[in-house]
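Per-chain numbering from 1; labels A, B and C assigned in written order.
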Amino acid sequence: MRKRLAGPTTLFAAAFVVSAATAQTPGITADTIKIGTFGALTGPGYLYGKLPMNGVEVVFDEINRAGGIHGRKLQLVREDDRCDPTAAIGAVKKLVEQDQVFAIIGGGCSNATFAAKDTLEASKVPTLIFASVHDGITTPPAANIFSTATTSTIESQAQLAYAIEQGAKKIAIISMRDSWGRARYTPLIEAFKAKGITPTADEELSPDANDATAQVLRLKAAGADAVLMLLYPKPAAIFIRDAQKLGFKPLSLGQTGIADPAAFEEQVGVPGATANFRTISQVRYTPEDPKMDKWRKLVEAKFPGDRLSVYNLFGIGSAEVLVEALKRAGKDLTREKVVDAFANMKDFATEVYAAPITCSATDHRCNKGPAWMAKEPGGPIKVLGFTVVGQ
Amino acid sequence: MLLFSYLLMSGITTGALYALVALGIVVVNKATGVINFAQGEFFMFTGFVGWMLHVQFGMNYPLSFLLAVTVGFLLGTLTDRIAFRPIAKTDIVSLVLATVGIGFILKGLARVIWGGKADYLSFPPITSPEPIMVGSLMVIPQQLAVLAGTIIIMLIFAAFFRLTRAGKMMQATADNSRAALLVGIRTDRIYTLAFGTGAAIAAAAAVLTAPLTLLYPDIGFAFFLKGFAAAVLGGLTSLPGAVLGGLIVGIAESLAGGYIHSSVMELSPFLVIMIVLVLRPTGLLSFRKARRV
Amino acid sequence: MPFGRRNVFLALLAIGAIIPAFANGYQLFVGNLVTIYILLAIGLNILVGYAGQLAFANAAMFGIGAYATGLLQVHLGWPFWIAFPSGGLVAAAVGTLLALPALRMSGLYLALSTLAFAQATQWVFLHWERVTFGAGGFKTPQLSFAPLPISKPIGLYYVSLGLVVLLYVFARHVVTSRTGRAFVAVRDGEIAAESLGIDLLRYKALAFGISGFYAGIAGGLYSALLNFVAPEGYDLFQMIIHKATIVVGGMGSIAGSVIGAAIIILVLELLREVKGLQEIAFGALLVGFVLFMRGGLITVLRRYLRGWEEPLRIKGGESTETPPRAAPQPSVVDK
């Protein structure tokens, strides 16, 4: 017996349909610009998503307080990608097709952002990547995607160059085997080959590790005098602590994943263990630096309970670049003009990045000058210099 | 030989950590038959609470420890009330999913409350951080504290189960809850006690090991996985089995990492487990039950 | 007059078929995800709900299907339409092998050994870089429907929808046949089943194989949807989502799998609105669901829609024997 197909079942689908916006250029009205952001708000990758987004929002607040950009206030719409490729594609599609944002600043976890690259490219929305380091995102360059994160190739090359410069003869690697770690490992091996040397030892450490004795013993047995660490702060801290315990004190080189030498010293917990530790930072200042007081007050006021961290600074620097591009595009705002503004940005100095920001039509990696930092155990942080890497 | 001693030592200390998590899992399972998938999050959350008390509010260590353990116990009883008691008779998948839900809530809460403070929160050790010599090995004193703590907790619980009335009631309930009810045991109180104790163990473990492990909202799951593996390895209803399982997992990891390559460290515990379970499908130390038809 | 399950599903199918006409790209993407998870849920329900095997390897099978489909295209140059069913078959074969430990263990011990297998699979995805491209994953060739004038998102959506219909009908057929009854017999009492002449190895292997196939097919579709395969998407969080779909829908119900999968995926997308509180909200929803809708949505539907029959379902909530516990069901033969 045929029955009438019920109306109520249509409600199921209807709850999900949203009418399209009617604006000419999506995301802009006479007095607002809607900017989208995607990254991990939940899950282990939230350091590279939620915290930079907090930094972006603080910059937007400052700009809005001063009247906005050519009279338009900035609005931030956040989407969570949980560090998962599918969720990232969904987040980008939602931002572009449903939330109708004008431009995007974001990109936390590498694999997630890389998976969303095609969707971003097809959407033609001007996009600025603030944290993802995967080379595939910027190479080959997509017309509308730019990055202010120092990519893994740049950092890995800088690590090797610095080790050689400091006179190390037996350079070893210790890395994490996740997408972030691998994104750095592959160009590092290429860099070794280009210099005609091979790593003395090549060990792996899990991001959840609580003990690195086996790794330390193997590196020590290989006689390494420098160790390039492709690790997050926790496994790196455990490594350094166990190395100290076992009497192994090589030159230990970190990268922008460990961008705060003072916090790191605290995490290692053994006094003096970080004497031979050097790290790269994309940002020139660490959070306790008095020059960052302004941002500290703003972040800690807006997000009570939080402490200013380097991850906030990634967002702050990136947002400054985005704001500059929006300014340069002028009052008659279109997406093409913003893309052009990015492509022609030369030597733009931000308040936080170590090097001035320079993009070009063929190279969308805009931040190529990471700074080297060291901290005397118990003493202040010193910026040792900059390594500018070619290509 | 020195290499082996160091690897063994490191395996034992990591193994003690896994054993602590496993103990909490086994205590709950012994009484209720449920695997608390939120055990790792209990560990993480009470660790943060301990941090908040000791580092943020400056309370002294023993007081922070006690308060954290109390909070753990309360969390456990809350879980029992919300996620176990009302549904005690449903199938195991639903029960597991309920504990998973509690775990997510705790993780999300921890991220919202403490997530913005730093990437990995450090906890000052109770002993001096300088390594000391034990025999010919260098050891971090906190690791010895963890080892001692594990043994003490295991002894306390072994005594509890064997000697106290409450412990015997828990065993009876685990064996046959209907029969336990028939002889007048308040099984619902036993369930609450079990969950509370399991969580309290997690809290004790967390505050003891936080100086070594660094706090982050997502550390719970990795510990749960290894702890669950250790518990099953030892036989889910055996306390000494949990400790044995934990030590085996820790040592296997360490030796594989030292002698083969660090890349197999993550895999080796699971290989060991698969092999052991094929040979002894109910774990190493669980006694064989008569087959029920 | 009885409403009937069939009519509800025909209605849903009709809606599903016309969605591409008025959905934007994001909604179509989510719709496609729903179809993929329906396949996963049906397969898992056959294994866990009907055959009673507490297996935690479904997400790994999903991954094996995705990797196999992708790698056959990338390394051997096979076209998608051949690589895709092959991926399903590879996952089915691996799944069948899991039946062997299932003979020796049950309950939580089986859960752990399948979990260990899943972790080992994850390890292989990460470390066998020469073949699987390791942690960075790899892009699969763009799917094209040429010479038909259909865009890839729409074409893939209809292919997925068609497969859902086909595999739903097939699952219903299996479940109401002799095989299905054998599964339930194994679930409800292995020894009794054996004494009735049911070959445990054969039926367990069948259950694992079928669920492996469904997961593998879902994996192949997934790899085409994302154009990207990486180890992230096949971990324990995935496994929890899969379990949630069958618990929410109703264990031991194929129709329930459809509903459960749709609800879970839509909920995950709707939870975007709470931004950073997603984890808390999702956890609360899980607990709430288990507490208030034991037996899944199917029990609710059964109560309020007359004519909705669900053969061979697990009785939701009430159990007439001693409370089912996780204490090891000793399935080791006392030799």
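Operating definition for what follows: a residue touches a chain if its C-beta (ideal position, glycine included) is under 8 Å from a C-beta of that chain, and two chains touch if they have at least 3 such contacts.
Just so it is clear, the structure is predicted and the values come from calculations on it, not from any experiment.
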Task: Which of A-B and B-C has more C-beta pairs touching across its chains - done: B-C
Task: Far-end chain from chain B, centres as C-alpha averages - done: A
Task: Whole-Å gap between the CA centroids of chain A and chain B - done: 35
Task: Whole-Å separation of chain centres (CA-atom averages), chain B against chain C - done: 31
Task: Overlap residues in chain C, where contacts from two or more other chains coincide - done: 127, 276, 278-279
Task: Contacts with 2+ other chains: residues of chain B - done: 108, 111, 263, 266
TODO: Please set out, as single numbers or ranges, the residues of chain A touching at least two other chains.
DONE: 42-43, 50, 177
Open item on the list: Considering only the defined contacts, which chain A positions touch chain B in the complex?
Closed with: 42-44, 46-47, 50-51, 54, 177, 203-206, 208-211, 213-215, 217-218, 221, 232-234, 237-238, 241-242, 244-247, 263, 266-267, 269-271, 303, 305-307, 309, 311
TODO: Using the touch definition up top, name the residues of chain C that touch chain B in the complex.
DONE: 48, 54, 101, 104-105, 107-109, 112-113, 115-117, 119-120, 123, 127, 189, 191-192, 236, 240, 243-244, 246-247, 251, 276-288, 290-291, 294, 314, 317-319, 322-334
- [ ] Please give the residue numbers of chain B that touch chain C in the complex, ascending.
- [x] 29, 32-35, 82-83, 86-98, 100-109, 111-112, 174, 176-178, 221, 225, 228-229, 232, 236-237, 263, 266-267, 270-271, 273-274, 277-278, 281-283, 286, 288-293
Task: Residues of chain B defined as touching chain A within the complex - done: 3, 6-7, 9-10, 13-14, 17, 108, 111, 113-120, 122, 124-125, 129-131, 138-140, 209, 211-214, 216-219, 222, 254, 257-258, 261-263, 265-266
TODO: Name, in rising order, each residue of chain A that touches chain C in their complex.
DONE: 1, 3, 5-6, 9-10, 12-13, 16-18, 20, 41-43, 50, 78-80, 82-86, 89-91, 93-94, 96-98, 110-112, 114-115, 118, 134, 136, 177-179, 181-183, 186
